[in-house]
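Below, each structure is written out as structure tokens.
Look at the two complexes coming up: subunit A is in both, with subunit B in one and subunit C in the other.
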Partner chain A sequence: MNLGEFLFLLSGLKWTVALSAIAFVFGCAGGLAIALMRTSGIVPLERATAGYIALFQGTPLLMQLFVVYYGLALLGLHLNAWVAVSLGFTLHASAYLGEIWRGAIQAVPRGQTEASSALSLKYVSRMKDVVLPQALRISLPATIGFLVQLIKGTSLASIVGFTELARAGNMVSNQIFKPLLVFGVVGILYFLMCWPLSLYGAHLERRLAAAER
Partner chain B sequence: MTRHDTAMSGTAAEAMIVMAEVEKWYGSFQALSGINLSVRRGEKIVLCGPSGSGKSTLIRCINHLEAYQKGEIRVGGTLLGDDGRTIDAVRREVGMVFQHFNLFPHMSVLRNCMLAPMRALGIGRKEAEATARDLLARVKIIEQADKYPAQLSGGQQQRVAIARALCMRPSVMLFDEPTSALDPEMVKEVLDTMVALAEEGMTMICVTHEMGFARQVADRVIFMAEGSIVEEAPPDIFFTQPRHARTRKFLGEILRSH
Partner chain C sequence: MNYVLDFTPVIDGLPDLLAGCLGTFLLALGGMLLAIIIGIGGVVLRDSRFPACRWAVKAFVELIRNTPFLVQIFFIYFALPLAGLRLDPTPTAIIALGINGGAYAIEIIRGGVQSISKGQIEAGLALGLHRALVFRLIVLKPALRAVFPSLASQFVMLTLTTSVASAISAYELTSVAQRIESETFRSFEVFGTITLMYLVISWMMMAFFSLISARYFSYPVK
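After this line comes the complex of A and B, so read on.
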């Protein structure tokens, strides 16, 4: 593998990072909205979001990408690969993060909401100032765990022709006929992204737990 | 409509809290039945009764932590309905202290006390901090202002919870068994704080089995059983000449266990 081929892998890595970041950022926004609707006490919203979560948790990510990519094209919406793949991963991440945070919101003791209500705090402040900061701490390990899954999951984008790290690896491997070497390097690159994140998650969890002592 | 009118006139106008024929159900289980209670400004009420008799439910209806289904509750003249406007108006007047403190664990003691005045009343940071420090000093815990709740003892946490409620400048304070989650050696510091508050003229409804406290500060002791008010009397009469057999039995049990 020469330098050019390695740089090609790195350019794939760049797209993996970009796609993961976009899916995570938009997925956080979508997931927050879903978690809040899921715990709103408004029955139609709760049902709708429960259905959404069930749908995305109950079907393979690959199928979700296909549906967004080819399904929307069938409807006459010709999105470029970037937009389609970002949308697919965002919808996916929204469902998973929504479910993780729903659990975390419900794990915050009832007394916290009651004390906030008794202090005449309104819904927005109750959530923003009291419940969500505590829910975030509770959900941190699971959230970071999901981000790691998401980064690895972006390799599926290669199947719809998106040249991220896994597909770049595949292309290089087809060129130089050294699959073990190439995918070894690709694996190391994934590991170098995911492992520090896992460590960081554990560190944040300890620090936030310590702040409460 | 007639009840509106009477509540606004005569002695009822002095009433801080009026509950009239209040009924409350949890599903098909009736937790409160026919509750009539009027609390004058500055009056101190102690509410007692066996477990499950509806004491918590009663005071939680007053600030609408629980909805009630029949009757009327008025706080400072506001008829408490199911709409956000009257609920908010009532909650601004009513402070509450819980058995398990319910301090916000991710905020310092000072922030715990500043949050609601800033968010709910729109008071500026400086003023909110000054009020918070003032009230933390009054509950004798100012030196802990920058600590987090988990760094404090139970008694200290409960005093912070009292200060936090007072920062909203309520006209009524509700206490739901404020000392029953505390180690015995910490009960006194919390009761002393409550006595001081009573002496300053705060209107208070306290669910407690601390009969010494009841004797010392209560204007009336109310005994509940099975969702109803069974008996109410000033403490000297309540403790020496209880009228109902249930009250006598309850007092016997309480005094034995203390």
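After this line comes the complex of A and C, so read on.
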């Protein structure tokens, strides 16, 4: 593998990072909306979001990408691969983050909500200033764990035809016939992205556990 | 937008798709079995007296958990022949699934083993039980019981991951669907249908695990 091929892998890495970042940012927004609806106390909203979460947690990510990819084309929207894949990952991330944050919101002691109601805080202020900051702290290890899962998951975009790190690896491997070397390097690149995050998540989890004792 | 949905290819391909579901179950069950073996073996090695063993298990777990399954399956697919093992894609996929699931299983089972208090083990040894029996009855079973829910959801995840095995054209639902799709171009209908099939498969897995839990882990604790 010469320098040119390695640089090609790095350009694939760039798209992996970009795709993960887009999916995470939009997924956070979507996930927050899902989590708030899921805990809203309004039965139809709760049912609908519970169904959404069950659908995305019960089917393979690869199928979600396929269905979104071909479904958009069906609707007559001829978007490029970028938009379709980003949308697929955003929907996926919204479901998982929504479920993580639902758990975190419900883990905030009830007294906090009751106290803010007693202080006559409105819903927005109660959530924004009292419940969500505490929920965020509780959910941080799981959120980072999901980010790692998401970065690894973006490799499936290669099957839909999006050129990111895994697909770049495939292309280089077909060119130079050294699959072990190429996939080894690709694996190391993923590892270098995910491992620090995993360690940070584990560190936060220990700190949270220590704070609760 | 005047596309008419046409499910004829799906209906014509239904026997093939159902056979694909069976292939998916086979991959999932094989992968889980291997994952359990690796998980229990890994936990034993991780607490071994030899630092090299402990270190190797830790490195294995971190390496597998921080790289994508797609890259792992490609690597294994090309590495096995070099190791002198020429296998078909399907057994290769089972090995890859087992290795991947095994790394997660080690972490999960270890959490359960750590929750067993030392006094229990000492009591077992004091009663003259053999070390292997102490491990099986006093450490492993309660540990598995304690972590069974996380293990089950990890295994449902493993079942869904089998779809990635289509990348090396192992025999399972996704690769069958891809074949039908490439013959009929009814992409949305085919993939939409098998998405629902996967949903049913994961529900069946959950039901299977709650059955196991009720059968083997429902004895009273205190």
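Definition applied: the second predicted complex is superposed on the first by the 201 of 213 C-alpha atoms of A that agree within 3 Å, B and C clash if a C-alpha of one lies under 4 Å from a C-alpha of the other, contacts with A are read in each partner's own complex, and residues count from 1 in each chain.
Here is the rule we go by: a contact is a pair of C-beta atoms (placed from the backbone, for glycine too) under 8 Å apart; a residue touches a chain by one contact, two chains touch by 3 or more.
It should be emphasised that the depicted structure is a prediction, and the values quoted were computed from it without experimental measurement.
Undergrad: For subunit A, which side has the bigger count of touched residues, subunit B or subunit C?
TA: Larger number of subunit A residues touched: C.
Undergrad: In the superposed arrangement, which partner chain does A:S125 touch: subunit B (first), subunit C (second), both, or neither?
TA: first
Undergrad: Who does A:G111 touch here: subunit B (first), subunit C (second), both, or neither?
TA: first
Undergrad: Return first, second, both or neither, reflecting whether A:G76 touches subunit B, subunit C, both chains, or no partner chain.
TA: Touch status of A:G76: second partner only.
Undergrad: List the residues on subunit A that touch subunit C in their complex, please.
TA: Residue positions touching the partner: 55, 58-64, 66-67, 70-71, 73-76, 148, 152-153, 155-156, 158-159, 166, 169-170, 173, 179-180, 183-184, 186-187, 190-191, 194-195, 198.
Undergrad: Write out the stretch or stretches of subunit B touching subunit A in their complex.
TA: Touch residues, subunit B against subunit A: 63, 65, 88, 91-92, 94-96, 98, 100, 102-106, 115-116, 119-120, 148, 150-151, 161, 164-165, 168.
Undergrad: Once bound in the complex, which stretches of subunit C touch subunit A?
TA: Against subunit A, the touching part of subunit C is residues 1, 3, 62-63, 65-72, 74-75, 78-79, 82, 156, 160-164, 166-167, 174, 187-188, 191-192, 194-195, 198-199, 202-203.
Undergrad: In their shared complex, at which residues does subunit A touch subunit B?
TA: Result: residues 109, 111-112, 114-122, 125, 129-130, 133-134, 137, 211-213 of subunit A touch subunit B.
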